[in-house]
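Input: structures, listed below.
Both complexes shown next keep chain A, but they swap its partner, so chain B is in the first and chain C is in the second.
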Partner chain A sequence: MDRNYHVFSDGRLERSDDTLRLVPDDGGEKQYIPIENAEAFFLHGQIDFNTRLMSFLNDRTVALHVFGWEDYYSGSVMPKRGQTSGKTVVNQVRAYEDSQHRRQLAAAIVRGSIHNMRTNVVYYNGRDHDLDDIIEELEAAAARVDKELPVDELLGTEATARKAYYRSFNEILPSEFQLSQREYNPPPNEINSLISFGNSLVYANCVSAIRATALDPTISYLHEPGERRYSLSLDLADLFKPVLADRVLFRLVNRNQISDTDFETELGSCLLNESGRKTYTKAFEETLERTVEHPTLNRKVSYQYLMRLEAYKLKKHLLTGEEYDPFQRWW
Partner chain B sequence: MTAADPVDRLLATARGEPVDEPFRVTGVMVQYYYVCERELWFESRNLEIDRENATVVRGTRVDETAYSDKRENLNLGMISLDLLDDGRVVEVKPSSTLTEPAEMQLSYYLWYLDRVADIQRDGVLAHPRERKREPVVLTAERKDKVETAIGGIHEIVSQSSPPPAEEKPFCDSCAYHDFCWC
Partner chain C sequence: MYVVMVYDLEADRTQKALKIGRRYLTHVQNSVLEGEISEGDLSKLKNEIDDLLKPGESTIIYELSSDTLLNRTVYGEDPTENQRFL
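On to the complex of A and B.
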């Protein structure tokens, strides 16, 4: 139940008996995609589909994550959840409305997020890079995180840390791939577009993970609910971006597996082209399948499952009052 | 009517009398009371469990297929039990470990039939894998034990948080495993 399938071509996705069939627009060969074990489909091309497909995916509880113009995440079609839990949602809202409780959760997320950024910088520090000053900045930011701070200041602290963190990219990556400045919409250079693409994949995977619980994906703590549709995903994604998206980026660029031929550069914009996106998603999916020994579950779990566990942890905290410890890379 | 005693509250709820705070105990809650109090608390909150968990799937399958030809399901409000052709209440267990929880679940059914519907029945605990059946009769001693359990269940489910997780041999096969230990 945890495989992601990415569709890059344009065409039509349809139900064909008990499987899915992709009929490409360019008259190419039809592809059959097994639906067993599918967690979600990621549609990157222009895809037509009908209600028959939707009910089929709903029955099999498979999600569709849609990437629209310039490959920005544009939305998800989520299967109806098997179980909903009014109690969970009530507790979620209560924690949001209790400002003390909300700050505590927001602070936990920022703490975890900075920790995970720091782990990346520490990993590259000393490997021909001198990143001591950035580590110091991250530590200073982490020291400021306090559950007494208002949420906007917590967000500000996260942003400051992230800025310092992104400066380390210029050190870690080869000189032709420089970030210089993190900008959004449209990403003006290669690294920006890789970061955006990776972050949206992390985000979509967090949407899937939250769906596996009865948590309401629109009620969040660090980000303002409704800021975007699934703001709880934004909260969780912050914890996982350094571990998933950024590590994939460093690996691909440093090993020359991504080069300038994987981008389309036009006036004021730079985007991954299809081959770039394919390379990236392949490495990303491989990363999701990596496993690590879990300290309390006493078994190995995949990186992908860590996102599911994070949703469980939050739900457990909300229902039982047991402490929520944010995901912090421990290996 | 406000009944302080959990047993009275349960009986009033089951008989459809007006109760301020209805109190329901299902068969599975009695079972969990003996297996794991934390699991009981989760069950009382209808906490969603991982249906893909292999053990849960296995447990369900044995239960659905065993004796399916000669049993009839009876739904009585808060409990749902299976009757054999001869009228005995049957409870099927996938394994013979943890016999007490299954036995108490069955005793609860017999007690419930007796106290709520005034029907006296005997029970049989079946282990299809081992081709074994054990009779269970509602003795005075069992009645007491059921009522004590109802009091204990009431106490646990009234708490606003569950008893803390404690590692038990069956945690590994519990549907809440990852939820408890993550």
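On to the complex of A and C.
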């Protein structure tokens, strides 16, 4: 139910009448945003705000995710922790320190991630694309995943699988949108920039999901903690990228909803422009709101809530030892 | 669930209902708001509105279990369009 709002225009975000108001710089109409159903704001434009707004957002536990130059995720302003549990953090660190336990979790994440890549490829294989060899490669990679493997080998297996997976993009997408190679910093062509943008949205949504629990976002299992990023969010995002970001990408490009006019190309870099970003985020948010029947909860849950569930599952595993079963697309 | 809320308050008090409504819904026309809302938020909204009203004033909330059940045609500009993409 809790919604994400994306602000692309430049302006000022302020508290007004106990809710939120956006005052655009270009003198356009002020817009009121219903605070009661907001989960997070994604700021893509240049936004001013003051501390009064911060404490208001804090009260309502609404997060701000800031995207900077070249769509890079540049940070979040999170409400103060409502959930704190020293016990969770202690268990989280213990699991990291215990190399066997860490491997087990890392292997689970890689397993889920490869499975979700595979379901995308299988879907398009059934739709006039010949992707049998890529499916085989993914299956071979999945077979190599073992909880006894050291973490860097698991990461390597994930990378090999992802490389094979990205090759399928060239088959699935029309010839004017070719991936050739995954690159970033900055992305050199259209598909790379779409992947980067989508991944950063998945990442920020996972940050929100982790924040809803008492988990510490910097302690991770597959990725090495201590990087500048919330590495636990990187772990979870890997599971959801194929389901969220990539499917949106395929859909938009194959239906010509995104074309080369949605990009700005500069020397060596290619980025979505404002209309491209709007198209993409709209499709992305629609995807987040989609629901599926959950097999054990016996109710419908949104794709967005699946990320929250993943954080809950991990926390439960750490606290009670109940087996952690990674998110694998079941529908 | 999707709701449409219309209110009729004394002229100098209409702002009060608008202020409450805006926190949950989108203002679409004078005295009319609509939008997706959770059941919990809806009951909060109902309580707040109920507390606000004085004798002679009224507010009506139409509820639909989902916006797909609603046949909604807008002539002219749609105020709810791009509401989440600002």
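Keep in mind that, in the parts below, the second predicted complex is superposed on the first by the 329 of 331 C-alpha atoms of A that agree within 3 Å, B and C clash if a C-alpha of one lies under 4 Å from a C-alpha of the other, contacts with A are read in each partner's own complex, and residues count from 1 in each chain.
Here is the rule we use: a contact is a pair of C-beta atoms (placed from the backbone, for glycine too) under 8 Å apart; a residue touches a chain by one contact, two chains touch by 3 or more.
This structure is a prediction, so every number in the text was calculated from the model and none was measured.
In the superposition on chain A, A:R251 contacts neither chain B nor chain C. When the shared chain is aligned, chain C comes close enough to touch A:I35, but chain B does not. In the superposed model, A:E285 lies in contact with chain C only, and not with chain B.
In the superposition on chain A, A:K147 contacts neither chain B nor chain C. When the two structures are aligned on the shared chain, A:H6 is found in touch with chain C, with no touch to chain B.
With both structures placed on the common chain, the touch criterion links A:L22 to chain C but leaves chain B unconnected.
For the contact definition in use here, the residues of chain A common to its chain B contact set and its chain C contact set are 1. Chain contact summary for the complex, chain A toward chain B: residues 1, 82-83, 85, 87, 213-214, 294, 296-298, 309, 312-313, 315-316, 319-322.
By the touch criterion given at the top, residues 1, 3-9, 17-19, 22, 31-37, 278, 281-282, 285 of chain A touch chain C in their complex.
Of all residues in chain B, those touching chain A in their complex are 45-48, 51-52, 160-162, 164, 177-182.
Considering their complex, residues 19, 22-27, 35-38, 41, 44, 84-86 of chain C touch chain A.
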